[in-house]
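Have a look at this one.
In this document, chain identifiers A, B, C and D correspond to the written order of the chains, with residue numbering beginning at 1 in each.
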Amino acid sequence: ISADAIHYNFGEPASANDLKDFVSPLPDGRGLPAGSGTIAHGKQIYEEKCASCHGQKLEGGLGDRLIGGRGTLVNDDPKKAPIKTVESYWPYATTLFDYIKRAMPFYSPGSLTNDEVYSLAGYILSQGNIIKNNDPITSENLAKILMPNRDGFIPDHRPEHFKPADKNPQLR
Amino acid sequence: GVAGMALAQTTPPSPENKAPAGAVWRPVPEDATKTQGVAIGEDGGYGTRSQFETEVRWRFTTKTPFSSWSMTPLEHGVGIITPSGLHFERDHGGIATIDPATHKLFVHGMVKQPKKFSMSDVKRFPSISRIHFIECSGNGLTEWSKPTLKTVQGTHGLVSTSEWTGVPLSIILNEVGVRTGAKWLLVEGGDASVMTRSIPLEKAMKDCFLAYGQNGEAIRPEQGYPLRLIVPGYEGNTHIKWVRRIELADMPFMTREETSKYTDLLPNGKAVQFSMIMEAKSVITRPSGEMVLPGRGFYEITGMAWSGRGRIKRVDVSTDGGRTWKPAQLQDPILPVCQTRFRYPWVWNGKEAILQSRCVDETGYVQPTLGQLIDIRGLNGPIGSVYHLNAIQSWKVDTEGRVSNVHYY
Amino acid sequence: GVAGMALAQTTPPSPENKAPAGAVWRPVPEDATKTQGVAIGEDGGYGTRSQFETEVRWRFTTKTPFSSWSMTPLEHGVGIITPSGLHFERDHGGIATIDPATHKLFVHGMVKQPKKFSMSDVKRFPSISRIHFIECSGNGLTEWSKPTLKTVQGTHGLVSTSEWTGVPLSIILNEVGVRTGAKWLLVEGGDASVMTRSIPLEKAMKDCFLAYGQNGEAIRPEQGYPLRLIVPGYEGNTHIKWVRRIELADMPFMTREETSKYTDLLPNGKAVQFSMIMEAKSVITRPSGEMVLPGRGFYEITGMAWSGRGRIKRVDVSTDGGRTWKPAQLQDPILPVCQTRFRYPWVWNGKEAILQSRCVDETGYVQPTLGQLIDIRGLNGPIGSVYHLNAIQSWKVDTEGRVSNVHYY
Amino acid sequence: ISADAIHYNFGEPASANDLKDFVSPLPDGRGLPAGSGTIAHGKQIYEEKCASCHGQKLEGGLGDRLIGGRGTLVNDDPKKAPIKTVESYWPYATTLFDYIKRAMPFYSPGSLTNDEVYSLAGYILSQGNIIKNNDPITSENLAKILMPNRDGFIPDHRPEHFKPADKNPQLR
């Protein structure tokens, strides 16, 4: 069967109404739903709905640590663990909106409004010293936020070309 | 009249005689030739394994059992097919329970005609079947700096092989029509984590498919029932489960799973992103950690090899920690992006031995030692770059026959 | 505090909500993305199929459920692997329950050294894995003179495919040493029927093996746990289950199963004995009997082909009762003595159609029509020579889309 | 691995004691356990342990019909079923001993003594007019009994070579 040639006409057209509740922003901001929030409101919601797992100071618990860790990524000491958080590691702020919107709070995922999620994203980014003012966080400005680790990712260059194996293998 | 059935029993049924997971308890006669067995159909038409078989998936202890993983007991496996009930799982929001009668697949974004499909629709398309492994790129993440877990289930259990059946993604994408400029797909699952990954369009069109069949029946709930994506040779996280939506775009979506997670941090502070391919890897599953060899003599060393780049070309086995190598026998059929069973006849002389396997895939890639791997990836912390640990595994056999996980390179 | 888990349920758990065979009941949320699913490990480490999957083996009604058979629901199958819980069974004394720790295999008769083996012994020998079909030679026996059963499960369900793992019989026989003059083996099962068949020594040495593995785990109780014989390509009855004894002799033992049964009576009063090979056979599993096509349009005709003589070479499909034929696509890997999945794209125009598949195996043997077969075998009674009915199957599609079992040749 | 060359030395020798309870006679009588029975005793046991399933007159029921059917094997009428019984179809009397010994009575298989099985075999063969006297049935004479259908079996000559298929297929 030439996959290009055949239309089977199975399925139905998906209308705008069918698709309206799906949220998946692109890193440049396209796809972010209309809305806005404030850091103050985000703090409120965070303390009510997130702190029990992510910590009063966003230090983590049942849920991941959310802030801190800048400067810990450069490291070659197996005894020292890098601290990868929203603040230190995430390249895009849109991801923060997206993930909170779809998956948090953990036991009631998808229950927050868009405005609430903008507020929470703003609060977390503010606590991480990435947002340094108190302006509203909106679908217009979220993608413009430059995350500290924006340039922290490189493409896959595998297969790797290894040096020869140790000629005198030993117990390590 | 009709003679009654005499059941000679050693263990009478009682609430305490609960069968292990996957089995139903049956009385065990002293001599099964002297008494009729269990009647056909008593199982309701779907069989279970013997109550004497007890290997199970083992859940790695994470902070919550809803975001966690459970590993295939590879040490008990034979052949290349993983029993469906023992296929590893990595879930981020528990196992979704979905009614296939109401489940819908939405395909939209940079397409000519956005569409929604029922499961009947999906199954009406032409189908393919492929025997493929799926491996979580985090397989073995505990083992970077120290031999940590004790069994091969622990060190390598996030890999399994099934025969998957479903509709090629190219057929679905041609159905909606892909608009010029589209380069990536977001694939989204209908579980509580609403898991998303970005897949390159080229890969999608090449060999990805939406599977609804696993080993001849519907895929299992923990494998994404009723529909999961298969991305042959790519890391397990891309094989989105409980697929409900596909959106086409001109760039990757940069979801949480391909930024916060599943990126490989190097000592210089940069992290590799979209490290999709699962490189060639092999491991000896027997003898393996925690086993005890009952004395000198013949043992068939066996294990599995696999590569996301295609077929396994050869597997060598060493019993002296990598100083000398001999080729193992590969079990046909040797399939691309599929586990291959290898076997190696060994006569143990009672002395200490370090058992290793090393595979080569069809591209010529040779499985590295942990030393070779760390030489390139570094060790940025106790679990290093976390993902894609495909190094040679070493099992030490001591003079008492006890087998343990060691680092030897 | 930690937010509680909100389970949005449509069907609350209750004793009435019993899951179908093979499944565990789970609550079905209205939206699985809004609530955590089932925690990993709640299944005890061995998974089950979805409660929405209901296909089961069907027991053919015989006088007693202890000597009976149950058929694989082929109409629901995908790929080539039969789910282990749905592998057909033919038992003559119920399903034996055997403790592998005490089970012994005795090998004696015309041997140099009679021996007994524990299961640990058996598993210590070198092993092989093979994906093979097993088919009862009685498959389809109801269909000789009239189309009788309504579904493909009924007409063809005594065939299944698994990946079997075990020790070659040649290795066991070399272990005891075969004495000159030995020509046949008796193989005996440890069930209530103490089933016995005679196997030619040449076949035993060629490719027979004692299997303990099925699809990656122990063989199922109804498949002969802990040990069954695999006789690749020979009729299912020879694949003795619950194997406990092998005796070598210089002639066949003429057991009940190879005299009273499994012999093929011809009109001239003679019966073929030791008709071992399962000849090439194919059948369309979808669309098949009792299905209803929901209107005109595209359907992927699919089914399976297999041959005891080796690989399937080609499968042709006809939609006009055998007047014209077109080649179907065969799913790789095409393995010897293994079911091969075929697929054929068909656009139904709403008119009556007679769907057929016809296979050719690597020896050049062409699957016959029922007419061709009866022309040679005759019809000595309503079920003729009983066994080895491998003729082309016809499914009629009427103008309402209803599919039924017909004889058309 | 060359299967011929290697002895693995797994398993244990099987002693005569290990093997003594296994019964699997060859059609020429080798392997029949020592013993004997009588038709009269066979009738007794049959009525007590077998008739409930195989019928007072060996006509069958839950269990197979055991006698009769001679002359029904030659038949090409699909509407007439041949009657295949111990009497009409079985080629060897040793099979009768073997099968009763291992598998019957259905709910207590393997419970009969060798002598009882000789008796039952004698009774069934007598009822089937194959044994025509009242002599004991023993390990010495059982195999000598010439079953009516001794020559009723032919070897497998497949693959079959079929005539061409009907050029005008039709609904049958």
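Some observations on this one:
Methods note: a residue touches a chain if its C-beta (ideal position, glycine included) is under 8 Å from a C-beta of that chain, and two chains touch if they have at least 3 such contacts.
As the structure is a computational prediction, the values presented were derived from the model and not from experiment.
Centre-to-centre, using mean CA coordinates, subunit C is 27 Å away from subunit D. Separation between the centroids of subunit B and subunit D, computed from CA atoms only, is 50 Å. Averaged C-alpha coordinates put the centre of subunit A at 75 Å from the centre of subunit D. In subunit D, the residues touching two or more other chains are 1, 6, 8, 10, 62, 102, 106, 109-110.
Counting only residues that touch two or more partner chains, subunit B has 33-36, 66, 93, 124-126, 192, 194, 298, 345. Chain contacts here follow an irregular pattern that is not a line, a ring, a star or a complete set.
By the definition of touch given earlier, these chain pairs are in contact: A-B, A-C, B-C, B-D, C-D.
Of all residues in subunit A, only 1, 6, 8-10, 49, 52-53, 62, 102, 105-111 touch subunit C in the complex they form. By the touch rule above, subunit A contacts subunit B in their complex via residues 1, 3-4, 6-8, 10-14, 18-19, 22, 24-28, 62, 64, 73-82, 84, 86, 89-92, 94-95, 98-99, 102-103, 106, 109-110, 152-160, 162-166, 169-172. The touching residues of subunit C, counted against subunit A in their complex, run 1-6, 31, 33-36, 297-298, 345.
Interface residues of subunit C, counted against subunit B in their complex, comprise 20-22, 26-29, 32-53, 55-59, 65-66, 68-70, 76-87, 89, 91, 93-101, 124-129, 131, 163-165, 190-192, 194, 212-213, 215-218, 220-222, 225-226, 242, 298-300, 302, 331, 333, 335, 341, 343, 345. Residue ranges of subunit B in contact with subunit A, taken from their complex: 63-64, 66, 92-93, 106-108, 113-118, 121, 124-126, 144-145, 168, 170-171, 174-175, 186, 188, 192-194, 196, 245, 247, 249, 251-256, 259-260, 263, 265, 267-277, 279, 309, 321-323, 363, 365-366, 368-373, 375-376, 378-384, 396, 406-409.
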